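Below you'll find the structure I mean.
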Amino acid sequence: MDWSLPLNLSTQGVVIDRLFWIIAVLTGVAFILVEAGIIWFSIKYRRRDGQKAHYTHGSKKAEIIWTAVPAVILAVLGIYSGGVWADIRGASALPQDALTFNVVAKQFEWNITYPGSDGRIDTADDFVVRNQFHFPANEPVIVRLESEDVIHSFFVPELRVKQDAVPGMTIPIWFEATGTGEYQIACAELCGLGHYSMDAQVVIHDRADFDAWSAGQAAGN
Amino acid sequence: MATIVAEGTGQAILEEHHPQTFLRKYMFSTDHKIIAIQFLIYTLFFLMIGGFLAIMMRYQIAWPDQTLPGGGILPESMVASGYMLPEFYNSLVTMHGSIMVFLAIMPMLVGVYANYLIPLQIGADDMAFPRLNMMSFWLMVPAGLLTLASFFVVGGAASSGWTLYAPLSARPDLSGVELGQIYWLLALVLIGLSSILGSVNYITTVINMRAPGMTWFRMPLTVWALFITAILGLLAMPVLSAAGIMLLFDQTIGTTFFLPEGGGQPLLWQHLFWFFGHPEVYILILPAMGFTSEIIAAGSRKPVFGYHAMVWAIISIAFLGFVVWGHHMFQSGMNPMLGLSFTISTLLIAVPSAIKTFNWMGTMWRGNLHFHTAMLFAVGFVAMFAIGGLSGIFMASTPVDIYIHDTYFIVAHIHYVLFGGSLFALFGAIYYWFPKMFGRMMNEKLGKVHFWLTLIFFNLVFFPMHGVGMAGMMRRIYDSSGYAHLQGIQDTNALITFAALGLYASGFLFAFNFFWSMKKGKKAEANPWNATTLEWQTPSPPMHGNWAETPVVYHGPHEFSHPDVEDKDWLAQNERPDVVSPAGGGH
Amino acid sequence: MRSEFLKKVSVLVAAGAMAACGGGDSGGGDPGGDAGGGEAPAAAQVDPATVGTISGTINFAGDSPAPTAIDMSAEADCAAGYGPDGPMSNNVIAANGRLANVFVHLTGVSGGPAPSGSVQLDQENCRYMPHVLGVQVGQNIEITNSDDLLHNINASPTENRGFNISQPRAGITSNQSFPLAEVMVPVRCDVHGWMQAYIGVVDHPYFGVSGPDGSFTIPNVPAGTYTAEAWHEAYGAMSGSVTVTAGGTATLSFDYSSDMAGAHVPLGEPLVIRHGEHGIEVHRGAQD
């Protein structure tokens, strides 16, 4: 019964998780107030012989309070969310000159194009590895997502990254891992009968290990 | 009681006395009450089917390495060598959602209760267009048959999710499903047409056929909700129908509206679908809110707290419902700049929902609460809908949505809204209006057992799904055992499945109560709940034409516990306060 | 290519009704299944005095292509089933002047003995076994998964209705058949992009597939003169003539060569036979 967010391993995850817990506290308080209120009223005002209900059509004051309070809280939350969103997905948020990978999804594989020894994508020394995504930690990386057939979704829970891969579009996203280790890409958008097993290995290296791995792959191809 | 006089206009309604054949009276009837009952039986059947599909899915999720019990009777295209196949699982996912939304919940809210309640609550003798009304039911019949048949055609039923995302839904070579998808799209077009005809009818009826004195702000909140819902349906369903036909063309005659290889755009489908789909969410909740308001007022013996605020909340939810569709598409590849505007509009729409919740609580406050089964379900609705509304705030926040999008967190959310919300309210509505429909009471003891089992099992099924979603379990996956990050929640998945079995089983208790009471229930009086709205001021069940005399309305819909009325705690809409209690002032 | 709308709509209703009656089981109820159930071997229906055997070889001239390695690193369970050289493709096998996986069938004949039994298609260590197989129209193809992981079997014919089914774990079998003749039907697994098989569907029992030694045998052929067609996924199609005598064994050989690599490989297109520089050339569809 592990009902918790998995280990976070990205810089974006820090702010996403913080926002998650802020909302969890806000909605948790509202949840307790509402549910406790319903239970309390249900007990306190349950039918009694000779009890007559209080005749009222409402209260302007109460209406204004319970319109304004949620509106203000939600507006603040919306603006704060918008700021965080712009930092992650905004047009100018994409880091310049970051190491870039092409990730092409197809039923039911992730094909990753690596930049090769020159560190630049779309050059002659690029190489493709099926279902294995290696990248270095502690620096921003860009993934350009594409799909060959249907919509897939690139999801790495530990990186708090999810983005649909849509045929006909190239969608760049970025993230920065704060630790190394082996994880998985999962497909989060129903893409056909192999959807559930459309996973790929994610290996986050430190930079030196990544370069060594990349050189080894390039030599093997 | 002797002092109470129900006033009429004095004009007797012409009743048809010519004899009717069984076929004309019960099958091809134009009486809105009979059509409503036809819809009710139809939708309960599909509720059972949709639930059964969910149970099969849950079995697979909980025990992915086990053979499906009884799976041997299913064809090899569904269950091979005893194991459920992923493509069949995808069909279950798709058709569970599709059937529940389009063939169970929506026609139960609208087909049943808009039909039954609008004429009775506004004091009309029938719908404005009785034949269109009959047609809107009979269009649903082939739609239902096509849906059922689609499971048994080559390739199986549609399997691209209830949202039918293209290109998967448009490319048989990629989904393995051709006929099943086409059958479902044809069904969807029929459902759309049925819904549009129904909407035209409801809108016209509400505008034109209100009884004398039934001003807009004297209408029961159910009528308000159903009226606004009909407008939503009229504006949203054509979009779905058009998109469905475009998808059908992509699938069959080689157009490429949604296929990039021919210059099409997969995201266009999503925009069209959700431009329909989000108003649809409100089509599925507004009538439920109306029923709840009605039942809580009668159960609390109090007028609805903030009636006008409730009406404006319905209208603003409906209006805002058309500008929030993008919040389903934050991770779709849509321009991220749109994120903020859809976040704001989505959070805005939470405000009227909050107002409604507080107003229901305000209605209960200092009331004299009668907890009959309908009231239990209505209060249950408020409690469960609140959870669904609050969990929606997580996904409205774009950064958080990056993580929880397409996980079980969303599954939890939609079920708190559609089951904890719509279906709880519908159960309440069935218990509440059953005596009016069938002239007999449902068994209260069984009803209360049904409520408590439903409440407990419902929460055991869907609350843990928030945790499963937090752990990162993707929606619509057939087997989670291949993912390291999901190893810790397999026990939760098994628990959910056990609870789902309990939830489904408790539905049969309801079904037994429903059909048993129809034959053997205690005879119902005209007004068993001592309620105020017009439908309770005519016999149970009402005669053909509804009224002996057209009622005249003198005041708002929920005049409970009026201080000037002494010998009872309610005042029907067609009772004049001065007649009831000469001492009282004219309201 | 998508066919026309009206045609499709009319087919829809009929196909839907048929499938509904058959319970959606597109395999077992077909003629192939019935014939397979009855113990009526083909030989019993032919008079041995009127038939002969075709025995042949597929020759291969030029340099044999090097075996292709498959990167199965993401499927450790499958990769473990191979020796020290790692997983190798079994698609194109040419060695010692012989070519394997060539589908040979007679053209211009139909009927003949009903298909007997099922044809097996196995998935083993993430490869199809066999890689090329022939079946008769309506004959049952029993597809088995010997790997304990998900495979899907995605057949994309042009004449027949395709299927795309899955087998999520070891031990699952599924049955399929094709109602129309079609040479060849490509089959692939979308989970493992390298997995590919070809099924030749013909409406008679006179076909064979060359083994690793390049040889094939077509038994029980009624005496007469026939045109035979050979098909290979990389080197294209060619045809030859063969005369079968009652009780005799006719030989038939086809000569492929390495410079035919990249030839047009016909798949399910209308048959076109014409005279070219290598003798009779067989193509499908209007091309060139």
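Letters A, B and C mark the chains as written, and numbering starts fresh at 1 in each.
As a convention for this text, contacts are C-beta pairs under 8 Å (C-beta built on N, C-alpha and C of every residue); 3 or more make two chains touch, one makes a residue touch a chain.
Keep in mind the model is a prediction, meaning the values are calculated, not measured.
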Problem - Chain nearest the overall C-alpha centroid of the shown protein atoms - result: B
Practice task
Would you kindly say which chain has the C-alpha centre located farthest from the C-alpha centre of subunit B?
Solution key: C
Problem - By count of C-beta pairs in contact, the leading pair of chains - result: A-B
Fill in the blank from the handout: Separation of the C-alpha centres, subunit B versus subunit C, in whole Å, is 52
Exercise for the section: Using mean C-alpha positions as chain centres, tell me how far subunit A is from subunit B in Å, no decimals. Expected result: 31
Problem - Rounded Å distance, subunit A centre to subunit C centre (Cα mean) - result: 46
Practice task
Find every residue in subunit C that makes contact with two or more other chains and list them.
Solution key: 150, 164-166, 168
Problem - Of all residues in subunit A, the ones touching two or more other chains - result: 107, 192-194, 196-197
Completion exercise
The positions of subunit B in contact with two or more other chains are 85-87, 175-176, 478-479
Fill in the blank from the handout: Touching subunit B in the complex, subunit A uses residues 1-6, 12-13, 15-16, 19-20, 23-24, 26-27, 30-31, 34-35, 37-38, 41-42, 45-48, 51-59, 62-63, 66-67, 70-71, 74-75, 77-78, 81-82, 84-86, 88-91, 107, 149-151, 153, 155, 157-158, 160-169, 171, 183-184, 186-197, 199
Problem - subunit C-facing residues of subunit A, complex - result: 106-109, 129-132, 192-194, 196-198, 200-201
Practice task
Give every residue of subunit C touching subunit B within the complex, in rising order.
Solution key: 1-2, 4-5, 8-9, 12, 15-16, 19-20, 23-28, 150, 154, 156, 161-169, 171-175
Completion exercise
Note: in the complex, subunit B contacts subunit C through residues 65, 75-78, 80-81, 83, 85-87, 149, 151-156, 172-173, 175-176, 178-179, 182-183, 249, 252-254, 478-479
Problem - In the complex, subunit B residues that touch subunit A - result: 85-87, 90, 93, 159-161, 165, 167-168, 171, 174-176, 259-261, 264-267, 300-309, 331-333, 336-337, 339-340, 343-344, 347-348, 350-351, 354-355, 357-359, 361-362, 364-371, 379, 382-383, 386-387, 390-391, 393-394, 396-400, 402-407, 464, 466-468, 470-472, 474-480, 482-485, 488-489, 491-492, 560-563, 569
